[in-house]
Amino acid sequence: MQIGMVGAGRMGANLVRRLLRAGHKCVVYDRNAESASELVDEGAVVVESLQELARSLESPRTVWVMVPAAVTGRVVDELAETLDADDVIIDGGNSHYRDSVVRHNTLAQRQIHYVDVGTSGGVYGLERGYCLMIGGGPDAVERLDPIFRTLAPGTEAAPRTPGRTGVTDTAENGYLHCGPAGAGHFTKMIHNGIEYGQMAALAEGIAILQKANSGHAPRVNDAETAPLADADFYSYDLDIAAITEVWRRGSVISSWLLNLTAGALLHDPQLNSYSRQVADSGEGRWTVQAAVDVGVPAHVLTAALYARFSSRGEGEYADKALSAMRRAFGGH
Amino acid sequence: MQIGMVGAGRMGANLVRRLLRAGHKCVVYDRNAESASELVDEGAVVVESLQELARSLESPRTVWVMVPAAVTGRVVDELAETLDADDVIIDGGNSHYRDSVVRHNTLAQRQIHYVDVGTSGGVYGLERGYCLMIGGGPDAVERLDPIFRTLAPGTEAAPRTPGRTGVTDTAENGYLHCGPAGAGHFTKMIHNGIEYGQMAALAEGIAILQKANSGHAPRVNDAETAPLADADFYSYDLDIAAITEVWRRGSVISSWLLNLTAGALLHDPQLNSYSRQVADSGEGRWTVQAAVDVGVPAHVLTAALYARFSSRGEGEYADKALSAMRRAFGGH
Amino acid sequence: MQIGMVGAGRMGANLVRRLLRAGHKCVVYDRNAESASELVDEGAVVVESLQELARSLESPRTVWVMVPAAVTGRVVDELAETLDADDVIIDGGNSHYRDSVVRHNTLAQRQIHYVDVGTSGGVYGLERGYCLMIGGGPDAVERLDPIFRTLAPGTEAAPRTPGRTGVTDTAENGYLHCGPAGAGHFTKMIHNGIEYGQMAALAEGIAILQKANSGHAPRVNDAETAPLADADFYSYDLDIAAITEVWRRGSVISSWLLNLTAGALLHDPQLNSYSRQVADSGEGRWTVQAAVDVGVPAHVLTAALYARFSSRGEGEYADKALSAMRRAFGGH
Amino acid sequence: MQIGMVGAGRMGANLVRRLLRAGHKCVVYDRNAESASELVDEGAVVVESLQELARSLESPRTVWVMVPAAVTGRVVDELAETLDADDVIIDGGNSHYRDSVVRHNTLAQRQIHYVDVGTSGGVYGLERGYCLMIGGGPDAVERLDPIFRTLAPGTEAAPRTPGRTGVTDTAENGYLHCGPAGAGHFTKMIHNGIEYGQMAALAEGIAILQKANSGHAPRVNDAETAPLADADFYSYDLDIAAITEVWRRGSVISSWLLNLTAGALLHDPQLNSYSRQVADSGEGRWTVQAAVDVGVPAHVLTAALYARFSSRGEGEYADKALSAMRRAFGGH
């Protein structure tokens, strides 16, 4: 079917490519004309304004918005000005689900459908397919089924869950209508919250492996330094790249993130080429806020988020406060 | 090759089966004769004592010990009494790596080799193969290669890591000689520490999903209860079984544990058939102790461990202390 | 000076008493007439409606609202209907600071002043005085100085901070104008966040003391139970009431909460008379949300909050999910 | 009574001073002769070797050892060589309680008493008195009562706990015989564990206060940065020195650590003169290990410890691992 795409960055461009390869027709707009132009050779029509985008699409129109969360609101507002009743706007970005609910309700007053689609898969999605978590009204979601089916990985991406029989459902194809407006971004939010936790668990584990030889390091013997008990038991020089590789097969922790980690360590075992400052793009925060709102203990997901804050030096004032207290009571 | 197995519980029996199917010869001893006897039909020789086991094996002998960590020490001591110089004892259980180091050094005085093998895979290992993390002297480890190669999953268990070329190494086959005595159990310890973290991340995330409808629940309006802000935004009745299923394909968090979780939720979405008391078998604790020893922050792995303590009610005294303080200052 | 009080619960009644004892005139309204009537003998005027309250106060009026956060909004709205320009409403309860900002701005349109006062001290405040954290416009706050000075503990409550000289400021008297609208409740929110952390630190510590004899407990030797290493080192039967008492003098952790804890343990060392369900009244949650918003790692404050959630069984679904995974991979 | 002191550092010298002022006789040895010599003018006898120390003391001798935990073992061994049956060695330092148990048992074979005394109070102890947590045999501990009574703060240091009547016990004077060998250091270990938690709770709270104006900071609008929701609600420029001062009076979180913090902030509100690297001297780690051993969830105490590790950059490898994963899946 025909679809408009607003935003031809890394994610948007690959969505277009995957759609084009399956025979869908794509009209693309990006305020940075260069980003979009690459897609022309691959079969996309590129336009230069939202107005032109609207004119280029047959009614009822379908427009997928794939822009940073911080600008989604503005883009959706401008886009909606160009659309008519029964058109569909899809927000495939990392919007806060509450914003999606509000936008859905606002647009509903003009009979414009709003569908929120949490989209996971990263740069690998082009080949591997995207996991799509969808929220919105049933009519609009159903109308978009050909798009979702194309973008999703399909059943072959994982062995069938034992106990499932008969025709595969959409979840088994990698896309799911999770519920009404916001439910897609809510589910994606939790997905990313879990992702933060999984990443942190793996990172902490290999960081201990990396220190498995710390019994060899010289230690200071003063009142300010905790002695290393049993230094003899920390004398391993471990090959972390090989260990993450071996874990990929048969272990309980085999996962896609482990695959990526093994790949990164193969090329740079000391990880020297990577920054220690780790960004967070919102969902981890919103997940914690949801946990707090509904009263569910989420120690792990929260600790994973805070580790990112710490990685960026955000704990500095608190650390200095600890030093101030220590100096005050101990004269350190 | 020929191998003795001490312990025919869930894990030991399946190791024997996988070895037998590949043509190895297995002599099995379990103090519970019944456990072992099931294996006779599948080709194992079953014996009734450690002495008989030793007599049944050709020199140099290889004996794999697969018993609970709490009894490994005693079993190894008794077994060693029956063995001779150049024989090999393999500890495939969940021993503390420090115990393995000590046992290795003790047995080395009698020229008995001691190889520690962290074994991951659970009940699925029989079909899927086991991930083997190996510590010990190079000669003994090399001698055991046919055993390890049989038990491990093999290269097909995962796509090749991009950048790897040429002949596959043992890590790519699912087994790895990690280092000297204890290195196998050290690596397995960290594996399980990560496993705890991964499990907790997933569990916390789906627990928030499960409360996504808590805006519908009635709330008390007293000074003791935090009001739910924005109850309207928590009105989703989510199908968690379907969500974990959709995450299996194309998402960043796809993993083997997610596969298992989706399977469990398919059959029991409310998880009513499961206990809320979660055991821990040692490695999670040792991982935390290692993190503390070497000074690596491990918030996530530790929180995952403590969540298990809490699940068993171990926080009760602390909780009551909080209530005592609150009553004291607030008259609550 | 003259002041109206809306709410004669535990906190409101004691505020009135402390004001009356210092010669202020108090007019009290509580929708539960009985609560207020107790105060008549102590010199308060009790009225039966907000309208009567407004009529009983001289202009410009001052009314302190001391009701549960969940009903503050409604009470303030109704109260404001009865007031005039230049009157002052004080919210002394545990409102979310954002609500206070919104209420301040709404009432400002009618020239009614709104002052948010975080009030700490609990039932001891009557004798000990209340710590007051104040937000709002400078004129209104200045006008209320006699009230605040009476309610606050005064300089004698703590030794002077070394380096402070000259006339004491209000902070040294136990009250502080923290900033514009909301700043009082913001500061109180963080105060309570810290309180949760302090309480949890103490509770966790004494819970470990209480288990210092766990080396004596029998242990199961199965693959599901972590063995207690070095059981001999956990053979202390400690007198926790005596320990908290000794910590009150000279130790780094001496504090008011410790005083209360020692008192509670004196009467009930096993804490059997206390519930293990610990409520939270909002500020701990808002503190975490603020930490997440501004990107400051707050592991301790958050863990303290989650411990309360766990104490109420909110981790149940996550715990069962862990059991489900364990059963799936391990056959446990 | 007469006592020998080994170690005239910050802590040892002040213990000597407090003892001298109360009329006790002190013989002091420090391998750094200069440290000890300052004490001569205040009435101490200074000696130049452990042998001389032993010769200078009447039998049965009492020697207090106050040296860094990392050298206590060696010092005690050397000291014991110079002593006789029925002499007492006190370890007042921050030793691991397990080491104290072992030393106690070793020295018991020679009828030398070993008493472990956890000593809290820091540099303020000279004036304020020290909180003493004591382990060891009842005879030796009783013999030392005059020493302990002098060093402890005495009853006036805190108001009597309601419900306590009659003659004050030693806990009310600030010293306590907690139990047999090691019980003193065990209790001190938990004390410090709690101290870490209290400090971290306070530090995290004021760190949020310090960011209360972050709504004013410019933000980047890209897919990598979490937007600050509701920036308007983070526009407070708070005076943290004044806030910690006001909390000292009447609030639930008033404490000695708060007093010190208010003092530090008075002189340096931005804490620019303090290091962000926070040392840990062992007890925090041992507390976590004890929690793990006995199976008590200790989220707060552990997070406080890990925050110190993070402050020293120990999370670097883990952070880089997160960046590696993010780059791998997202092309960031």
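Note that the chains are named A, B, C and D in the order they appear, and that numbering of residues resets to 1 at the start of each chain.
The definition used in the following text is that a residue touches a chain if its C-beta (ideal position, glycine included) is under 8 Å from a C-beta of that chain, and two chains touch if they have at least 3 such contacts.
Quick caveat, the model's predicted, so the values are computed rather than measured.
Visitor: Report which interface contains more C-beta contacts, comparing B-D against A-B.
Guide: Greater number of contacting C-beta pairs: A-B.
Visitor: Mind checking chain C against chain D and telling me if their interface is mostly the same residue numbers on each side, over half, or mostly different?
Guide: same
Visitor: Measuring from the mean C-alpha position of chain A to the mean C-alpha position of chain C, what distance in angstrom results?
Guide: A distance of 38 Å separates the two centres.
Visitor: Distance from the CA centroid of chain A to that of chain B, rounded to the nearest Å?
Guide: Whole-Å distance between the two chain centres: 29.
Visitor: Rounded to the nearest whole Å, what is the centre-to-centre distance of chain B and chain D, using the mean of the C-alpha atoms as each centre?
Guide: 38
Visitor: Among the residues of chain D, which are close enough to touch at least two other chains?
Guide: Those would be 122, 200, 202, 204, 206-207, 211, 226, 229, 252, 257, 263, 285, 293, 295-299, 303, 306-307, 310, 315, 317-318, 329.
Visitor: Which chain D residues qualify as touching chain A in the complex?
Guide: Per the stated touch rule, the residues are 9-10, 68-71, 93-94, 96, 122-124, 199-200, 202-204, 206-207, 210-211, 219, 221-227, 229, 257, 260-261, 263-265, 268, 271-272, 274-282, 284-285, 299, 303, 307-308, 310-311, 315-332.
Visitor: Which chain B residues qualify as touching chain A in the complex?
Guide: 97-98, 101, 120-122, 125, 128-133, 152-155, 157-159, 161-164, 169-176, 178-180, 182-183, 186-187, 190-198, 200-202, 204-209, 211-212, 214, 226, 228-230, 233-234, 236-239, 242-243, 245-259, 262-263, 266-267, 287, 290-291, 293-301, 303-304, 306-307
Visitor: Give every residue of chain B touching chain D within the complex, in rising order.
Guide: Against chain D, the touching part of chain B is residues 252, 285, 288-289, 292-293, 295-299, 302-303, 305-307, 309-310, 312, 314-315, 317-318, 329.
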